[in-house]
Each structure stands twice: as structure tokens, then as C-alpha cells.
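A single structure is presented below for examination.
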Amino acid sequence: MIELDNVAYSYGGAELFSALNLSLAPGSFHFLTGPSGAGKTTLLKLCYGELTATAGQVRLFGADARAMDRNAVAHIRRRIGVVHQDCQFLDHLSVAENIALPLTVSGRTAQPTDVTDLLGWVGLTRQAAQTPPELSGGERQRAALARAVIMSPDVILADEPTGNVDAEMSQRLMALLLELNKMGKTILIATHDLSLIRTAKAQVSARVLRLKDRKLQLAGADL
Amino acid sequence: MIELDNVAYSYGGAELFSALNLSLAPGSFHFLTGPSGAGKTTLLKLCYGELTATAGQVRLFGADARAMDRNAVAHIRRRIGVVHQDCQFLDHLSVAENIALPLTVSGRTAQPTDVTDLLGWVGLTRQAAQTPPELSGGERQRAALARAVIMSPDVILADEPTGNVDAEMSQRLMALLLELNKMGKTILIATHDLSLIRTAKAQVSARVLRLKDRKLQLAGADL
Amino acid sequence: MDMMRRWLDLLAGDPQADRAVPPTGFTARLTVLSAFAMAFLAVFALALSLATGRLADRWSSELAKTSTLRISAPVGQVDAQRDAALAVLQTTPGVASARALTDDEQRALLAPWFGPDLPIETLPVPQLIEIIEDDAGFDVAGLRARLQAEVPGAVLDDHTRWRAPLVEAASRLRLLGIVSMILIAGATAAMITLAANAALAANAQVIRVMRLVGAQDIYIARAFIRRFTLRALTGAAAGTLAGTLAILLLPRTDVAGGFLTGLGFQGWHWLWPLIIPILAAVVAFAATRHAALRTLKEQS
Amino acid sequence: MDMMRRWLDLLAGDPQADRAVPPTGFTARLTVLSAFAMAFLAVFALALSLATGRLADRWSSELAKTSTLRISAPVGQVDAQRDAALAVLQTTPGVASARALTDDEQRALLAPWFGPDLPIETLPVPQLIEIIEDDAGFDVAGLRARLQAEVPGAVLDDHTRWRAPLVEAASRLRLLGIVSMILIAGATAAMITLAANAALAANAQVIRVMRLVGAQDIYIARAFIRRFTLRALTGAAAGTLAGTLAILLLPRTDVAGGFLTGLGFQGWHWLWPLIIPILAAVVAFAATRHAALRTLKEQS
């Protein structure tokens, strides 16, 4: 679904990483770890076309990301659900409307039941009518996850989706993602939470990648 | 330093908590845990005067928070360092300028060495000239912590200060906070990260409070 | 056709996209207010422009093309000299027509000075002859010479002294009106562009989120364009209405040498103000569209 | 004194606070442009207002306070009747002064109709007497009756027919000028307030952060106030300069019955435009201060 071929990226200064290869096969489950500032978020942004690689090739659903115009990127985004690290919402819309936003902008009408179900899953039923600034940190993260999956996208990229929720809730969110993976969705999660990775590995054959010192490596058995 | 006496708070709807008592003695070290949405952030906001209790009394440095006008609150804030959960910065200033901001607004000039030292501590020397949107999630959290401590405030309130950094870095930030505690600062940290609490308890006599089901309780030995 | 369809599309609007862009509060009111004020002023400038246009026409045609012949003669000889002068004038090349003013006309001309009941018949008041030139004009010196020979009591006053500054003044006034119109249109376009840009800059976060969830540029742009166009249209329509009403309430100044006679609109000129709101909407549409697409491009 | 000190304080400014508030890009340019356009128009409205003021003064004093007595009599009797009329007028209550026009004055009045070289001495042109009323005015009917008895050839023309509409027109024109000024000042204040509010709304996040680190309201407000005041001052100063230059370039229309004689400024009136930028700065200061403190209060 998403392939990175010999990719490098730099924000103008030194290269953040180079000669990086990654292939997300359909239905695969990946974790991405690495120290803060290693470039995990940057890597995810390359995967959903927000950034363009400074070298190498990124292929999204078979198409070269560099050759896409903004409309093509917009269409690709509808097939990729993204949980942004600093969850971004439209602050003037309700949580429910924010979660339904991907449907809205692609011209579909949100099925009320879909939204309600999803709100129940992430435990935001009571907060459905609040606006995002009226949510707690953890609630915002859950809303971001709900928004990422509402379109039932082929690929889900989640950047630190459980940094602000307690252990119990993070297991529950993990269960949701595992469920989606069983339905054939491709999933990539960037996280620092090793316990999250451990529980997941018990239930699915997840691959753990570590981004460190400009290189992406398969993490050993030390997890 | 900060005392909450029979405090209740509600955002208009049901009460988030009630009859809550808390006293932060000078030099004490507290952790605050609880499920997502329990009201931890709300409790911290009461402690630095951003919210006013709907019932009960909040005393900040001996003065009744309800009786303070906005200028008094501004002065109190200079004695309380706050790490906000969704780190808020001035996006048009550099990281170094943002960290020095509390000095700037209180009319003091930042000592370059202070800022440099602090940047070193939180590992942002290389990023000093970047603007906050150009930081990674973990880097932003570290900058927020640096800004909270630059005034050498009497009290430090940190809301989930390590949600986005790796285990190694979170130990390092913890070490900084422990150091400040040894210098006599009062510290309150809201966090979901139980391993963080565990390591801290090994080095300091920290009290762990759990906010759950509208009540604040001392956590048992199950941590 | 395509333009037409796009416009209709736009005005039909997409309530969903409209919801997605937050209400822009103060920028909105600022836009409506600017459009209102500018339209109001534009009505005045338009009226001034049309009035000076008319005035310049009148002055240049009436003054530049007419001369006066004045015949002072003893009472008995006036008629004879008048006929002689008219005969001379009829054979002068460059004279389109010439005619003696009637007693009533002369009395009207003199009324301000002698009162309405001047016994003009009994006074040896000079007989006036109005000469209308054709486009080419006549040879003033030649005519004077012929008249001196044939009509000794005639004095030719060809208004040359007055003509030049009046015509110049009229055309400069008309220029002033047109320049004001251009200034106002330019200032309005600049204001709306800046307001649209301010709204877009304030909504950088909204644009980022919309992009993140897969919204296309035109979807985002449309919400802004629609708003600003409607605002400019509304504000300008209200401003035009108010300006037109104000013009209606203006004193009908038929006084002061007829200078201001025409600051209202006349006849089909009343249709001119209708152009203002339409123009404002078109300007707003173009300005916002340009600003939106440029901002979206920059923020990519 | 306090106000003065606050102003100086403000203009000295705090570079640190200024840095803390991000540059407001489009809103800034919008403010400068609005101030410029409004000042430019204000100069015109001011000029119109002063000119119509002068005009109204002239019309109401010259026209309302003068009447004309016209004496038509056989050539030999004119002098005697003139003296008799003057004697009557001198004893009429309400007449401030009365004097016979000289031949030159009458010739000047008649020049437009009869040419400059009218042999007025040889013509039985009526003798004109200018009567200037005092504030109370005289009894027209009474005077007419007395004159009929003593000076049979005299006709009193008290300009009443002309007076009312002229004075009304002049005062309505002056009103128009003043209303435009008020409209422009109001629109400018509204625009600057809205622009300041837009800037404040767009900077809600900045205000939140500044608060979080312990900044006082006045510290935050000052950065905004300073900016908007300076912007309004700059824009208005430039606009006033441009407007004044444009007035200077206006045609000196001494034509058309002197209606526009005075659209320029005269004498110390040249100082009036200086008020415009100062007023704009004061308005901007007050508007921004109010907007800033209100927003800060609301966001607390």
C-alpha cells in the first residue's frame, strides 16, 4: 500500500534520515519507535503526502507521491486515516461533527449510527456535543482516533495515539485497532509506550521498527 | 503554598468533583493520576487560578483565589511554573525566546547562560532557534517544561509532561524535577505513566493522589 | 456560460463547507462595512461624475458654440440694423444660425438687474442677436470688419474670454469625478482582498485540518469566496441604496448659476447605481478567489 | 497630564511586548489602507464643508440683508428722484444703509448682457440703489407705500423671491458637508475597531500564552494599542497629505457664478486638515484600547 524506497528527508539542515526503506503490505501491523526527535512524525508525514521526500521515492497506493498534485493528495488522504500527534480539530464544530468531517469533505453524508457507534467505542458518548477545546487531553486523542477510522480507510497511521490516556483506555483503543487490522486494514503506530507494543504483540504478528541515528531497523527481541 | 478546601468544580453540567481537599506543603512532591477525563487538568487549573472553584475555597500562597483580580493572578503565575498539557507557545518566536517569555513579561532580562543551561538540560540546544511548530512532539513538551522552570518558581505544576517522550528522556526530565524539589520547590505532576511514578518514588518521598469518581484519594501500595 | 454556471454554483453554496469554515466575526463585519461605505461614496462620485459630464457638455456646447451680437442704435433704427446684421450673418460661413432675441427673452435676461416689469419697449435697450456657430466656427475678425461697414451699431461679443477657462474647468471636474470612482473601486478591491487574506490567515489551522481529512482546495476556497462575495454584495447594495436616498434628499440646487442643477441622476442614469453592487460582488469574487487559491498554494 | 504621560509611554513602546504579539500582516495593511482612504475623503469633505460654510455665510449675509431699489425716470429727473428715495430710506427704520450704485458698478452688473463698453450715461438705464437691512429688517409694505407717494418712479425689489431657497440650499449643503465628515469619522472608527477586534480574535492563542506565563492585561493590550494607533496615524497622515495635494491640484473654478470659488482651503483653514491624522490616531487609540480591554476581559 505504502512503499518508501531509499528515502531521505531533511528540513533544510542536516538529513534526518537517509536511504530508508519501508513497505507496508496490505493488512500488516507495524509499530514505529525511536527517541524523541528521531523523525517518526516526519516519516508518517511522508506516508500521507504532507511532506515530499528530499531523495528517493515514496509510492502511495502505487502512485509516485512526488508526481501528485494537491487534488490527488486530497483523494489519497481519504484512503488513509491519520491520528496527528497534536490532534488538530475544527474548534467551532462539535466533537461528533469533527469526527464526521472526513465524510463531509468527501461529499458523503455521515450515518448517525456510524458516528454513535464510534463515539461509544472511544468512550466519548457523553462528550459528543462538546467542542474540542472542551475536551480533556485524553478525550481529544480518542476523538482523533475516531476521526481517523470513520471513513474505514485502507491504511491507518497513528502518531502517539495513547500518550495522554490511562493504561486501561489505551488497551481499549488498541483493541479497536487490532479489530480493524483483522478486517484487513493496514496499520502503522508511532509510539513510545513499550507496554502497548508488548500487549499488541501478544495478539497479532506486529513488526516493530526503530528509527534511530538516521536509520530504520527492525527492533530485536528486547521488547 | 496551595490549599484546596472542600472544593467542587463543574463545567456547567454535572460536578466533576466535590468536597475535594488538597494541600501542597512547601517542598512537597505530589503525583496526580486518574482515568482520562477524571478532572486532573481541571484540578491543576484551579491551582494556578485559570479556573475558579464553583464551591469551596482555593488559597494560593495564602490568598483567596476567588478574591483575586486579573493582575493579582498574573503575579501569582510568576511564582507558579506550569507545563500545560497541550503545550502552548508563541509560534512566531524562537524556542529560546519562548522559554525566556516568563522573564520577558515580568520585565526581567533573560540571562543568556540560564537559557542555555536549561536548553542543554532538556536536550534542545540544537533546536534553540527553531520555532515551536518546527519541533517534534517530545521536543515541545521539553520546551514547555523548560519554560515552566526558568523563573525558578516556588511551585511547579506539570500536566502530563512526559506523554510524548521516550523512557530515557522521561527519566532525565524526572531527574530535573527531582533536583528542583531538592532545592525546596513544591512539585505536582499529573500523569498516566505509572513507571515514571515508580522510579520517582524510589528517590523521593512522593505522595500519589488518584482522582476518580469525583473523589481525590491517596493511592495505595498497588503502584 | 461557464462563468455563469460557476456563479450559480457558488451562490447555491454548500452548507457543509460553509459550516466547516468558522464564522469570521469581525472580518465579516469589516467587509460589509467597507463595502457599504465605499458604495455610498461611489454613488456620490458617480453622481458628481455624471453631473460634471452633463455640465461640461452643456458648457462646451452652449458657450463655445454661441456668440452674441449687440446692436445699440437710436430707437427708430434698431429694426433696420437688426435686419441688416441678420442678413450679414446669414451669408457668413461658419454661422449655423442667428436669431434676434424677443423682447420677452431680453426681459428675462435683464430681470435680475432691472426687475421683472422692465418697460423694455420704451427703453433704448440694445437688441441682442444669438449666433450659433457650426463645428468649424467663423472668422471673428472678418465678421467684425463686415459688420462695421454694414451695421455700425453692432458689437460682436464672441465669449472667447469666457470660453477657455470654463471648458477647461468642466473637463477637469469630470476628470475629478472619474478619478474618484477609480480610487474608490481600487480602495474597495484592496480592502476586500486584505479582509479575505486576513480571514484566510486567521484560519490557517482550519485549512490544515481540512487538508488533513482530504478536502480539496476548491472545496475550502469556495466557502471563503462565497462568503466574501455575498458580504460585498450585501454591503454594497445597502450602501448604494443609502447613497441613492441621500442623493434624493439633496437640495435641488437650481440656484448658483445652475451649477449644481444636476447632482441628482436624470432619466435612465438612475440605472447607473445598480452597477455598483454588481461590480463590488465581481471585485470581491475575483479578489477572494485569487487570495484563497494563493494562500492555499502557499500553505501546501 | 496623565493622558499625556500615557501617550508618551505608549509611543515610546516596549519592544519586548511588541515582539510578543505577532505581526498582524493583512490586518495591519487593511488598517493603514482604511485610514488612508478615509483621511483622503475626509479632506474633501472638510473642504466641501468649509466652502459651503463660507458660501452659506456669503449668501445669507449678502442676499438676505440687501434689497434693491430701481428708479426708472426720464433722464432729467433721475437725480432728483434718487435723492428723494435716499432721503426716504434714511428715515426708514430697519434700513442700515442705502447708497446709489455708481455708473461703473451698474456697468459691471450689465456687462454680461450688454458688453463692457455700454454707454450707460446716454441710456435711460434705471438708477439702482442698494439697501442694506439691519438685523430686524424693514417693513416692506410700509416702505412701498411711502415710496409710491414720494418717488413715483421707484420699484422696490427686496429679493424675497430668491432669498428663501438660496439660504435653505446653502444651509443644506453645509449640513451635507458636516454629515459626510461625521459619516467618515464614524466609518473610520468602526473600521479600526473591527480591524483591532479581528487582530485580537486572531491572536486569542497569543493572549492565552501570555496570560499563562504571567503577563498583565495592560502589557498585552499595549502592544495592540500601540500598533493600531501608529498605523492609523501613519495611514491618515499619508491620506491627508494626498488629499490636500489633490485639493491643490483642483481647478480654481472661479467660474459658474462663483459657486466653487472656495473648494480649496483659505488662509488659516489650511491648518484644519492637520486635525485629521490626530483625530484618526485618537480614535484608533480609544477604539483599540476599548476593544483590547474588552477582549481580554471576555477571554479571562
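So that you can tell them apart, the chains are marked A, B, C and D in the order they are listed, and the count of residues begins at 1 in each.
The rule we apply is simple: contacts are C-beta pairs under 8 Å (C-beta built on N, C-alpha and C of every residue); 3 or more make two chains touch, one makes a residue touch a chain.
It should be emphasised that the depicted structure is a prediction, and the values quoted were computed from it without experimental measurement.
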{"item": "Per Cα centroids, the chain farthest from chain D", "value": "A"}
{"item": "Rounded Å distance between chain A and chain C, as computed from the means of their C-alpha atoms", "value": "63"}
{"item": "Separation of mean Cα positions, chain D and chain A [Å, integer]", "value": "68"}
{"item": "Distance between the centres, which are taken as Cα means, of chain D and chain C, whole angstrom", "value": "23"}
{"item": "Chain A residues counted as touching two or more neighbouring chains", "value": "none"}
{"item": "Touch-based graph of the chains, sorted into line, ring, star, complete or other", "value": "ring"}
{"item": "Touching chain combinations (by label order)", "value": "A-B, A-C, B-D, C-D"}
{"item": "Contact set on chain B toward chain D in their complex", "value": "50, 70-71, 74-78, 82, 84, 88-93, 97, 101-102, 104-106, 147"}
{"item": "Interfacial residue positions of chain A with respect to chain B in the complex", "value": "11, 33-37, 39-41, 85-86, 123, 127, 134, 136-140, 142, 159-160, 163-169, 192, 194"}
{"item": "Chain D - residues contacting chain C, complex", "value": "25-27, 29-30, 33-34, 37, 40-41, 68, 70, 72, 109-110, 113-115, 117-119, 123-126, 128, 155, 157, 162, 165-166, 168-169, 172-173, 176, 183, 187, 190-191, 194-195, 197-198, 201-202, 250-251, 253-260"}
{"item": "Residues on chain C engaged by chain A in the complex (per definition of touch)", "value": "16-17, 19-20, 22-23, 205-206, 208-217, 219, 296, 300"}
